[in-house]
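Listed below are the structures to be examined.
In the two complexes that follow, subunit A is the common piece, with subunit B as its partner first and subunit C second.
After this line comes the complex of A and B, so read on.
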């Protein structure tokens, strides 16, 4: 009797954690998609990707809290802002380094990480700030899910479908995919690679902006918030295979489940530690990533 | 090979460095010198593998382990740092092996290696923060003041002692750098950084060579963390671990010059003087400004001066004298990962 009750409670918590993991996976998949897009097309890894998200979260915070914009007005503006940032990052930092060794490009974006973090510290201080929007909680039987997570999950899926349609149905999208397959030939075919790179960077930025709009509903903003989900995004991309969209998508949900289930038993940080341990084990089993497409 | 002249120059320079604290006693300036020496040692440790294209952003993790394990063993187990430091170094070395082995065995290079090691330092930071019941979390941690023997506790109050300790550790780092520079391992690692397949075909055990240099580099970095902790007597996760510290190492090594033994030291001098002058100039308003300037400089250096200040200077001098070695001509390429 007592044992049965214990099992019932445990199952409910377990199911809740599994579903929360799926919901978290949506946002992680969005982040992984952005990074993979940049890597696949331009062959550059933006170490500062999570910091772009952080700037976007501040954008949301100030537009909603200080200027009184409604959430749904502020969101597109934030996406636009981070898209412009992404394009600027490419134009100012990556473009001059396109012929440099890949590691130099990567380290330069590490410098940008410093710049963005300390810019936020100097400009906004190190206080934790939140949007002040408290979304209701959805009770489903004995399980509770926050609307913020549901909304994030749905919006992340919509964002990914939109990118998919853009990549497959438009001429620019087709050119982007073509470039990711062969950089040299496309230039000979009359595609303006510079323009495509800029568009891709803006698109990657826009995805970071969308992630910012969603994350700001669940987490407080501070200059170092990028550090709490940046590393996990990199692990996801490596596990899925850098540049591999489907691999990144699957790896996002695998990691989200580990973090969520790990967090069930202790703090969220230990979920991250478990995810890292899992990652090391996976490297032994599948060194080329979940779905192999490495060069 | 060192010529007679260079050896003499080193001797005179060293004698002057040892004599300095007995002649000049300003505590603030000595403090800055100790910091420069400790961080130079950390940056030199990083450059041990960085110069061979093994760009690790996981060294913040090794440094954090060195600092925290030593302090935790002292506070909770009453273990003297003389035993605690080797244990912390062993812990960092073990972690380096656990992460390094699959990376090297399965040819995870370039972007992949950077991202994996980046995640490593992020995770170490998370663990230190998560175990806040023991480590004090992001508020920081202070080793207990020794009541008895200062030497046993490796705690000294006067700056001169610390200056001499830091100088010895720094010199040790430079000696190890030269030792590697003159060993067969250097040729093997240079071959690997040029072309892994060709090196393997020529009989180089790629995995073993990379593991050896990684282990050496991680052990030294952990030592740097432990010494830093003993000197400052206060550590926070953000000052000794995490991605920011890793990037700081890369930045200083690149600014100073990655391919010369004193490059990381020059990098440390420049970065610490920069941070200190900003701090004095702006006071408490400086929070964040030093990193802002670092970041901008890092980007500018990578774009315009990838060989670093000392590296470029030496190149200028060398051009007049002799043709540089093959790998130095290619020094612009910090790494040639398997892309």
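After this line comes the complex of A and C, so read on.
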């Protein structure tokens, strides 16, 4: 095999991996946005964030497979379901602990993680389940892209644009951005901070719900599926600077590319190993994150 | 319009206000003067509901403020410009003003109010897309007053509007207060700059160590020996 032929093949696979990385980055950015939103506004980390996604994936599974809803009917219902779950999480677990030390809040949401995992195990069993929807593959020359990933990427972008518009164009969205800058004077603006926290939690839940609708196209559901993308979401948020939306967005694509390109040279698992190793190195170089948080 | 009767207030075990009685009538401009730590800011905070009195009565046009949740007090027509302005530094001037019109009643008249505020402070219109935290102290004070004006208040609470500003800018701020008064708004203003504030208010209260020591018209206060000696340096 000549050198030229090797390069031709290599470039195609490299390009394919880069594009797949971008597609993966979109969904990771959606998850990171939800987590950052909660942290930025309420100053609490939802350790159980990926488990909300897991519940949403089960919601999709049951609505589509069990009740026979179409995907596009089940998706908005799932988003609504997880939004309500997010609001309930805030109301029942976070609100009573708002003034408690951060470690207590962390332990409480960590507890919710195990509760949700155990609940799913008992209620749904440990079988791997899927929607039974197999989307076709798009062939571009020698490159193959799954429609599931393309759809996920586009839907994730639409979701993020919707959040951006909400945050910049509406009074409530402006209050959500204002609240982390000066909590005490919000009452002088006529803002009920409790209500804003609840809305933000529902929004964070809705983003987890949207992610669930997209991930369920690519992954099987089981009670521990949250572990496949929960930790990576946390690394992304920490690398981007907790609460920094733009940092989280950039970090999502950095991680997605490392995973995708790392997977090109060996197995996908090695992509994750590289991503985690990169994170550890970055924590020594830039402990405050890629972009230091704007305060 | 506003009445305080026998108000005690403080932070935890520290009591900052003792048996405070104060009245503001519609259309008046009333000053509260006194040294640092006398309880002036606490007085403002207890009116707008940021802290709650441990005893006493506060009423706005007959409505009991003590029983009203803090975030609903602005709907009764009380807008508070807090000490040190407390803008949202990472939001634009526009977004800061938007926050001032957050409550339902103001939201419905957002465009009109924005025009009123921009008429009052043309500078803010020029700076509307700038981050509030990057403006000069005087511009930030305009923005803070503008934000309060967005709610179309009946009573404006101004807490040390001249603090931390250059002398020229202090003059401008007091000019502003005069203009706001002329527009028919009732004003309660807390100031350390006694000389200046007595020129713009009708009446004033002297507060020391959390207690109202004396009160009277601006002319009476200017003539009073206590005020002269302690605050005017004559």
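The criterion applied here is as follows: the second predicted complex is superposed on the first by the 291 of 295 C-alpha atoms of A that agree within 3 Å, B and C clash if a C-alpha of one lies under 4 Å from a C-alpha of the other, contacts with A are read in each partner's own complex, and residues count from 1 in each chain.
The rule is short, and it goes like this: a residue touches a chain if its C-beta (ideal position, glycine included) is under 8 Å from a C-beta of that chain, and two chains touch if they have at least 3 such contacts.
Here the structure is a predicted model, which is why all the values come from computation and not from measurement.
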item	value
Which of subunit B and subunit C A:182 touches, first, second, both or neither	second
First, second, both or neither for A:68, with subunit B first and subunit C second	neither
Partner chain(s) touched by A:192 [first = subunit B, second = subunit C, both, neither]	second
Which superposed partner A:273 touches (first subunit B, second subunit C, both, neither)	first
Contacts of A:136 with subunit B and subunit C, given as first, second, both or neither	neither
Partner chain in contact with A:171 - subunit B first, subunit C second, else both or neither	second
On subunit A, positions contacted by subunit B and by subunit C	294-295
Touch list for subunit A against partner subunit B, complex	39, 43, 45, 47, 93, 96-97, 100-104, 106-108, 110-122, 126, 223-224, 227, 230-232, 234-235, 237-238, 242, 267, 269-270, 272-273, 276, 279-280, 283-284, 287-288, 294-295
Footprint of subunit C on subunit A - complex, ascending	171, 174-175, 177-178, 181-182, 184-193, 294-295
Contacting residues of subunit B [partner subunit A, same complex]	53, 55, 57, 98-99, 102-103, 105-108, 110-112, 114-116, 118-120, 122-123, 125-127, 129-130, 238, 242-244, 247, 250-251, 254, 287-292, 294-299, 302-303, 306, 332-337, 339
List of subunit C residues in touch with subunit A within their complex	48-50, 69-75, 79-80, 82, 86, 88-91, 95, 98-103, 106-107, 147, 151
